[in-house]
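Each of the two complexes below includes chain A, the first together with chain B, the second together with chain C.
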Partner chain A sequence: MSDFITLTITAMVPFLFVAQGTMLSGRAGIFNVSQEGLMLLGAAIGYLVSLKWGGNLVGLLVAALAGAAFGAILGWATTYLRMDQFVVGLALFFLSGGTASLLYRVVIGADEPPRIRPLPDIVFGQDVLVFVAIGLSALLWWWLYRTDSGMRLRSVGENPKAADSLGINVTRTRMLAASLGGGLMAVGGAYLPMAFSGVYADGIVAGRGWLAIALAFFGGWRPQLILAGSLFFAAMDVLAQRAQVSGIGIPHQFVSMLPYVATLLVMIFAFRWALVPQFLGKNYDRESRITG
Partner chain B sequence: MSTVTVAARPSVGERAKAAGVAAIPYILAVLVAFVVVAIIIALLGHDPAKAFRAVLTNSFRNRTGMVQTLHKWVPLTLLALAFAIPLGAGRFNIGGEGQMILGATGAVAMGILLSDLPTVVLLPLLIVAGVAAGALWAGISAWLMQQFKVNEILSTVLLNFVSFEILDYLASVVWSDPGAGGAVTTAIGAGGELPRIGKPPMHIGVILVALLAIAAAFYARRSVAGFELRAVGLNERAAKLHGIRTGKVAVMSMIVAGALAGLAGAIEVAGVHHRMLEGIQSNFLILGIIIGLIARGSLTAVPFVAFGIAVLEVGAGSMQRTSGAPVEMVLILEGLILLFLLMSDWVTDQLRLRASRKAAA
Partner chain C sequence: MSAPDAAPGGAAPPLLRMRGIRKTFGPVVALKDVDFTVGPREVHGLLGGNGAGKTTLMNVLYGLYAPDAGTIEIDGAPVVIASPKDAIAAGVGMVHQTFLQVDVFTVAENVVLGTDTSGVDVNGRIRELSERFGLAVDPAARIGDLPVGVRQRVEILKALYRGAKILVLDEPTTNLTPQEVDALFGSMRAIVDEGMSVVLITHKIRETMAACDRMTIMRDGAWIATVDAADTSPEDLAARMVGAAPASDETADVALGGTEIGDATLDVPEVTGPVRVVGSRLTVPGTGGKAVVEDVSIELCEGEILGIAGVAGNGQVELAETLTGCRPAHGSLTLDGTELVGRPTEAWLRAGVVYVPEDRQRDGILPGADITENLVLGAHRTRAKAGLIDWGRARREAVEAISEFAVKTPSAATACGQLSGGNIQRVILARAFAHNPKMLLLHNPTRGLDIASTQFVYDRIRAAAAGGCSVIVISEDLDEVIALADRIRVAYSGRLVGDFARGHADPYELGRLMTGVSGAA
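Let's turn to the complex of A and B:
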């Protein structure tokens, strides 16, 4: 049982980072859909930098910077150029995913990849990023709901015109949220080779990026509920693996389906819970006279 | 601001000129993307000319390459249409692979359960089952979107994951082929296989989809439904005020998309694999989205863009073998073409703005 909890908490970490990153961008109105690619990029950079240029910490940092750069491109293209958020997000998904495989191929080639050292455990058999991820969720909640700047950020996602009229810089807020969000997504990806496999592979992300989007919706774009949702998704993931290995009476495929079906049910039945930022995915044009 | 003038129908020459001007951003985007990729390939220490020659000529050097390309073109076109049609109504269908898998499931169910039937009965049954299953799967998302306002991006992505588990369950438990090793079903009855023609054999799904693509392009341009679709996509509020039932149009666009993706799944089963296997969806969803976006939602452009992408995809392996440039370059190339095309929009807008300012001054 304690084994189950340990595994669940480790499995939760990537979900948590990426879903909180999605939430943070989304609360400012930027709907990022390049998670899958950014995680792959984070995984590749995290792995390669850890291996070649000194340790996991540097790897995480460089991955975060790369993710933030891609996030900033999304922010720039959707604020200054007012391009379609979803289309740009998809283009960045392809580019970051392709760049990830390419970087790996160039540095490692077709050889047997060496394993990187896993993140060291600190307490309760959990590595440091577990605590960072949970602390980050608390921090985000505090920032968004207990500080002025957090409320300003949320107001940009709810009604940018009103925010603008109160002197909040919508463009700058969105750039910041998009960059921070992208950085978190890449960190979530970089965690994968460091905690699980020790190596990078093109299939390492395995849909977790798309699931993080689902998680953001599942948690009603609120950090505390996203934490709970990530725990649930991770527990189902571990349960499905267990069912696959030892069998628990029902086919493991049906256990694996549960988080997806649960998310859809939440979206259907939990109207009040499943709030979505009003301006999610919509660009703000301060010259436009049509209010959203 | 602009004045509204009712223009006479443009002459053929004017329309050709307009098409030519419209093609400039495409050509530039493709050229710039190729140049950037050439620089990357050169930096990696490979020969870009050799790489591009390999990637571009592989499909045309012999008939095998051509048939490979056309076989790839079929699902690419269908999935690109499955993305582009809801896009016309301003909806995003990211569920192409789930709908395709359900289509394959419907087809393989018919092919295995009714394997003794003759071709005239089984083949149409198999195709219809695939189309219906795909439409049904997309119908769930459409219903959730219409009835409960569930974001269609979210529901289609989630249903993709559900479909992977369905595929895994069917292929590794229910109809598993124990001899195959891995999640693979047993083969469908011979009556369910699409006839093949020519040498090397090409399945006739290619012809079917070519006809379908032409029909779709004409239908989108000439029919009331096509007009309503565009009206909803351009301005949903205005369309609603003019009496178009916007909800119905959006739902129908999703269901048609599901049917097309389901057809892709059925053709993959009946024409290519003759069974269902894990990974049957390949990366057709991503490529379908790229194609749909490069074609900018134009159903007429989709088959041509799909052919270009199919050439690149088939040539990727050959590029790596002959020049050493990694296959990933092809994905980067495709992503860059899309990104530069998007950028070109902004550039044309700026140029137009500057021209109108100059005219006003």
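Let's turn to the complex of A and C:
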């Protein structure tokens, strides 16, 4: 049982980073849907950099920068160019996923991949990123709900026109949120080879990126609820793997389905809480003259 | 009348001077080199019909629109305003017609948003401003839960909190009851008494006469005149607003609407035709046990116009959809004796119930479809031959409708969404009258329309009634209801209250019903 809890907490980390990144972008109105690709990119870069140029920490940092760059592209395309967020997000999903695969093939080729060193445990058999992820959630909560700049960021996702009319730079806020969010997503991906497999594989993300979007909705786009929700998603993830490996009497596909079912239920019943940022996925054009 | 750049009150520079402001949107020239000057300590009316460019000019001042040409001076010093941030720094505050508020934030959060709150007693400061200017609010309340009148006070507080010297109010009396309008004008006086100036954007002459020291009239994106309130009359203002266009005498009446409430209309005989529409105990259940339309009963004679006044959000949309068969309801509604409740919307339309919805863009037209296609909507089955629409006939009829309803459009093949609000409304009316309505329901039929289109809509409504059609006008513009209706009722919280015959409705009594203060039903 304690084994199950330990595994669940480890499995929680990628969900937590990626869902918090999704939340952070979304709170400014940028709906990123390229998590699956950005995680793969983070995994590839995290693995390759750790292996070739200086260890896990540098790997994480470079992965974060790459993710931030992709996030910035999404921000730029949807603010300055006002392109459709969903279409750009999907394009970035393919682009980042493809880039990940390509980088790996260029550097490693078809050889047997060497393993990188796992992240060292600190306490309770948990590595440092577990605590970073939890601390980050607390920090995001404090930033969004306790500071002026966090309130500004939230206002941009709720009503950018109101924010703009009060002198808040909507474009800059969205660029910042999209970049930070993209960075967190890639970190979530980079964690996978460092904590689990030790190597990169094209299937390493295995749908966690899509699940993280569901988790953002599940947690009502609030950092504290996303933290709680990530435990549930991680537990389902661990259960599904167990069901697959050893068999626990239920098909593993059924367990894998549960987070989605839970998210649907939450969205149906929480619909009236108005938990989703009002301008999620919607671009803002100051001079648009659409009259009601 | 003084020249626009003459400084009022002698040698002191004007508080605000805008010169030669030009703004184009694509091929449309929205502002034609407009000059606008506001003196210190004055309420300055910015008067004009919809589409005259009043809001556009003030959006330029507030940094929301970048002008193509022109300069702005505040206190005699030139300023560059490229964003609302610059405008706030220069001492300009603006209350937009659609409030720019974050619904999920509290009053206090909305007020301080974008400012540095470290070391500031936010609630204390908001309370102090509230008291000083008579703008009562609860800083801890969630904005989305508040009624329109309170939300407006929050908007004004937002500007005052930032130290605005010039406060721009864009059509602030829309959706307010007469009592709330009085309170607002009181707050405006308090603001001016403290040394600031207020720009009141409005299309209502009565309001400028009641509240303003000076006023600037705009028409078609151009400056027309700037006059002192003491040197002008409502008729003079109306003539300037409407211009020398043909039929300007008629349209001037619309501009003057509400300046002399009730007086001229007392002689009109009460409509007493055979009863045509009987709705009884109509109820639409809502979420959480509270009905959105509750126990509504109505009765209309042939040729009668029933006006339904009320503050937005009191179930008007739901009521309109219920009375036109777009929304399932309990109860009964008969038209010429035929029961319609429970039957499909098409049956209502076939029976002669026609609906002109409030949100023209969203509910009234297909924005991407052309005028011909929009005119065929609803009649697509009767115009069809063997399941195919007879486009030849549809196009011929569209061309006729365009000329009869004076729709300004390059052709019948123009996408409806590209037309102006007034022309979209003309297309919708053309379609409505093509159905030969026996009961016509219009919701906010002139909102956002210019004077000529407003007049056009009024003429059509009156003509329909004269032809025996029963008309229901739901409007949040009390003056409009009073001008059009033979009988007036008030929508409050999903119910209909009050029942006044033409000429017997006191605006203040209606105002009390609109806010639920007076319980009489």
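Just so it is clear, the second predicted complex is superposed on the first by the 279 of 292 C-alpha atoms of A that agree within 3 Å, B and C clash if a C-alpha of one lies under 4 Å from a C-alpha of the other, contacts with A are read in each partner's own complex, and residues count from 1 in each chain.
Assume contacts are C-beta pairs under 8 Å (C-beta built on N, C-alpha and C of every residue); 3 or more make two chains touch, one makes a residue touch a chain.
Computed from a predicted structure; not experimentally measured.
**Student:** A:Asp148 in the overlay: touching chain B, chain C, both, or neither? Say first, second, both or neither.
**Tutor:** Second partner only, chain C.
**Student:** Could you look at A:Leu264 and tell me whether it touches chain B, chain C, both or neither (first, second, both, neither)?
**Tutor:** In the superposition, A:Leu264 contacts chain B only.
**Student:** May I ask you to decide whether A:Gln278 touches chain B, chain C, both, or neither, giving the answer as first, second, both or neither?
**Tutor:** After superposition on chain A, A:Gln278 lies in contact with chain C alone.
**Student:** Given the touch rule stated above, what does A:Ser2 touch, chain B (first), chain C (second), both, or neither?
**Tutor:** Touch partners of A:Ser2: none, neither chain B nor chain C.
**Student:** Spot which of chain B and chain C makes contact with more residues of chain A, would you?
**Tutor:** B
**Student:** Looking at the overlay, what does A:Ser256 touch: chain B (first), chain C (second), both, or neither?
**Tutor:** After superposition on chain A, A:Ser256 lies in contact with chain B alone.
**Student:** After lining up the shared chain so the two structures overlap, which partner does A:Phe94 touch, if you call chain B first and chain C second: first, second, both or neither?
**Tutor:** first
**Student:** One more residue to check, A:Ser246. First (chain B), second (chain C), both or neither?
**Tutor:** Touch partners of A:Ser246: none, neither chain B nor chain C.
**Student:** Once bound in the complex, which stretches of chain B touch chain A?
**Tutor:** The contact residues of chain B facing chain A are 40, 44, 92, 144, 148, 150-151, 153-155, 157-162, 165-166, 168-169, 173, 286, 289-290, 293, 326, 328-329, 331-332, 334-336, 338-339, 342-343, 345-346.
**Student:** If you look only at chain A, which of its residues touch chain C in the complex?
**Tutor:** My answer: residues 148, 151-152, 154-155, 158-159, 161-169, 272, 274, 278, 286-287, 289-292.
**Student:** Sort out for me which residues of chain A touch chain B in the complex.
**Tutor:** My answer: residues 33, 77, 81, 83-84, 86-88, 90-92, 94-95, 97-99, 101-102, 105-106, 207, 210-211, 213-214, 217, 251, 253-254, 256-257, 260-261, 263-264, 267-268, 276.
**Student:** In the complex, go through chain C and note every residue touching chain A.
**Tutor:** 25, 62, 64-66, 83-85, 88-89, 94, 96, 98, 100-105, 109-110, 112-118, 144, 158, 287, 359, 361-362, 421, 448
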